[in-house]
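Just below sit the structures, each encoded as structure tokens.
Common to both upcoming complexes is chain A, partnered first by chain B, then by chain C.
== the complex of A and B ==
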């Protein structure tokens, strides 16, 4: 005889309520994206499509193709540079401290909490001086810098906790310099923080909106989030097109969270 | 003799190593310098520059300006729009920050009850946080849509037709709609922070309490919650800073409208700067946002690193 305590039923009931609340907006997004415009009017927002169609999904990707490529460029360039710098900075601050390094590191971490509004106007000014204002290049440059504090923080935390100083000292006794130790000892042990830092950066850059809005102009230069916001502005009544667009924008990060969620969670909970 | 030789040899290489170490350290510093320098320029020099801009009368895109001192700040404090934005921003902070922390904590405590398929629940709870604000604003304008939206549809199904509203088109409701949507988006993240805190407590403590006959509630209230103070502080700082700089979601939802009803500091800053080209005045808003954020973060950061 299966004997389940009522408290367990209550527990799973509550857990499932949270599941429904988390998924409901996503569910309505998916079903609406698969409906024809007529069906959107005729059916309720949560019923699945009677006659699913890919029409709007295809229409929206045609509108978002170029911005999607732009965002991919931004993600790759940004992640590469900030992960490399972050790793080396984290290594130096963790294993080769120098006078004042702790304060310098606090200043790096503090960057994570500085609101972007403060940098908007000086950044616009700088980019127009460099002749990059309005171009994708402005964003490429920006995201390279932007991720360094977060990556440095992730790597330093990891090196502090997971790589004992004795490894570094052993390498030193064997005559390895700072750079060799980094390449031969630290780097091969850094796969996990590289994955975590890279994934977090991919999500941050892909989802970012305000910088693309301010620094780029012209259809050819927009990142995907800005193009998506424009899509929302210009087709107010076409809910299925908007939802199809939203689906494309959220696809990469959803896939990352579903399949590589454990790395993301490690990043969010401080490794 | 041999040992002596070895000693000399050892010392010699030791000395050499130290010298090399210094030189190497210098080179290492030179390698990280461009990264650190550009980060510092981007975050600190720009913040200072922004403050200087706020002391000028710069309007429009071409910079030709005079220093006018604190006039912008005086104007700001007399500007009803600033007070509206501040009031809305405080409303956001007062409801969003505790709301997201309490719901996240509830999720974390529920997930801590040796739940089956815990990983799946956790992943699902975190999914809203994977989305861009542009996406969530689109999803929620569909949820709140007055005519065909999901919320009004569900209320109708439940027989609560009288509760149906225009939601985001209603100036008295729109801030609450935004707060609920943002809590929805951040709850999973909050849950992860608290769950990590709960899991870091040694199991032996709760086991000992259980042996002593403590109820589940007592264990959480007396043993676990007091020990995850660090998680509370982390969550508080993260969500406070977010609430102060929030912009994307509200802007995409309805440009801070209807009217000024959803203008918070970040939204008004953007509008003054880029819609009305009042660069200096916009910089004044950002300086205020920065000061408020620093007020929250700095004491906390220095305390954490001093303890280490």
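== the complex of A and C ==
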């Protein structure tokens, strides 16, 4: 006889409801992407396709090829640059404090909490003045800079907790300057925070929509999220095409969360 | 190689004064032990010498060279001071092999690769760790790590060695062994060494001289036996020696012509010589200190004895620590044999005549 407590049954029942609720969008996305345009109109979004077709999935990737490349460029440049600067800044604020350094660090972290909406207009103006407005370059620069506070925070927390001051002091006494100590002692011990920071930045940059929408123009410069939104068509909503695009867009972050989610959680919980 | 002079060193952290007006002279090739209770400022002094912290006042000299003098706006950065330091946690870099760890200070100084190799191997042989050179530190024992840290310090031929409790993380047996080895190594290399510990046995056995610190001050400096036999004050007497010195509070009283100390349970008459030196001072409350080996248990009642109860007999190797109690006040005697007594016995006690210390209760300074 199986003996299960009623409270357990209730708990699992609730969990199943939550799981269904959270997987519903993904389900809709997949089934719609596999439907032909006629079927989309005739069936509800959650019914499985009667006659599955890969047509729209292939069509969407053809349309998204260029934006996909753009987003990859953004992710790589953004991640590399902000992780590197974040690491060095985190190192300075953790191991080479100076009077007032804690206030400076708080200012840097506060940057994380400025909503993008208030920065839109100043940023558009700055980018125009730099002659980058409308180009992919504007986004490249933006993500490099915007990633630094988060990375600096991740690295400083890691260095505070995981790298003893005595490592730095020993290097100092042995004749190593700030940079040599960073390169020879701190950097090789930073693999974990680099993974965490990189994953977080990949997800942030990949999913970002608003900056791509505002700062770039012309088909050739769009990041993938914006290009995907444009798939919906001008006169008739082509839901299947758009859902197919959404599948492509969400794939990388989904994979990251499923396989490397624990690193991202460490990032948010201060390693 | 160099001597070291510290004049009037003061270091404050916001409100707390870690070290105040600290003076120290270490001779060339000397092994000086800096000892004191936790938080007394030992690490602060060591870090000041290395240049790892900025001092508030004072001067630090390496031989004839002034390296730190905030009043003269002079501060030589640690990279340029030429000291080598061994940290309590050893600070061995986990991502480098033992070889790379030891080569690091030389590589940073751009020594030629062949010479680096030669010096690292020589130092490793000297310390008996040459078979470990290609290993990563993670898999090594505490004793081996401690040697690597030493190795990294000696490859550099430093002017001065600074060691912050390098033996504290070793187990008791290894520590005794490391003590001997370290001392021998220092004698061979002849490098001026300042060795920090809070363990008075380490201090007594290793130091050419001991500097005893308390509360950011230097209490006394001298050879180990001098601190043991001629403590300047209560703190020194209490800190040095294991088991520590017995102390009894008492009042100075005049009785007939001579002076004695009333210990409540016992009247201790002073010799005329002692009485003379004391009558000059206006002191009435004193503390009598007597080392456990000078507390004698005797068989029969005689004059000048008092009675105490045996609380516990503790065998420590070839000796016995006899824990005694008189009128609620516990004290200890060290005897070479304990066959005649048993726990709970009431015995007669005397103090070996010339070995008692008398301190002023108020200032703690020694009177005789």
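In this text, the second predicted complex is superposed on the first by the 262 of 271 C-alpha atoms of A that agree within 3 Å, B and C clash if a C-alpha of one lies under 4 Å from a C-alpha of the other, contacts with A are read in each partner's own complex, and residues count from 1 in each chain.
Keep in mind that, in the parts below, a residue touches a chain if its C-beta (ideal position, glycine included) is under 8 Å from a C-beta of that chain, and two chains touch if they have at least 3 such contacts.
Here the structure is a predicted model, which is why all the values come from computation and not from measurement.
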{"item": "Which partner reaches more residues of chain A (counting touched residues only), chain B or chain C", "value": "B"}
{"item": "First (chain B), second (chain C), both or neither touched by A:189", "value": "second"}
{"item": "First (chain B), second (chain C), both or neither touched by A:108", "value": "first"}
{"item": "Touching partner for A:75 - first (chain B), second (chain C), both, neither", "value": "neither"}
{"item": "Which of chain B and chain C A:177 touches, first, second, both or neither", "value": "both"}
{"item": "Touched partner set for A:164, first chain B, second chain C, both or neither", "value": "second"}
{"item": "Touching partner for A:138 - first (chain B), second (chain C), both, neither", "value": "neither"}
{"item": "Footprint overlap on chain A, comparing chain B with chain C", "value": "172, 175, 177"}
{"item": "In the complex, chain A residues that touch chain C", "value": "164, 166-167, 169-177, 180, 184-185, 188-189"}
{"item": "Complex interface listing, chain C residues touching chain A", "value": "47, 50-52, 77-81, 83-85, 87-89, 91, 93-95, 104-105, 108-109, 152, 156"}
{"item": "Partner chain B, residues of chain A touching it in the complex", "value": "11-12, 14-15, 18-19, 21-26, 28-29, 32, 40-41, 44-46, 85, 88-89, 92, 96, 98, 102, 104-111, 113-123, 125, 128, 145-146, 148-149, 172, 175, 177-179, 203, 206-210, 213-214, 225-226, 228-229, 232, 239, 242-243, 245-246, 249-250, 253-254, 256-258, 261-262, 264-265, 268-270"}
{"item": "Complex contacts: residues of chain B adjacent to chain A", "value": "13, 17, 20-21, 24-25, 27-29, 31-32, 35-36, 38-40, 42-47, 49-50, 53, 61, 63, 107, 110-111, 113, 115, 119, 121-143, 145, 148-150, 153-154, 184, 187-189, 192-193, 195-196, 234, 237, 241, 244-245, 247-248, 251-252, 265-266, 269-270, 273-274, 279, 282-283, 285-287, 289-290, 293, 297-298, 301-302, 305"}
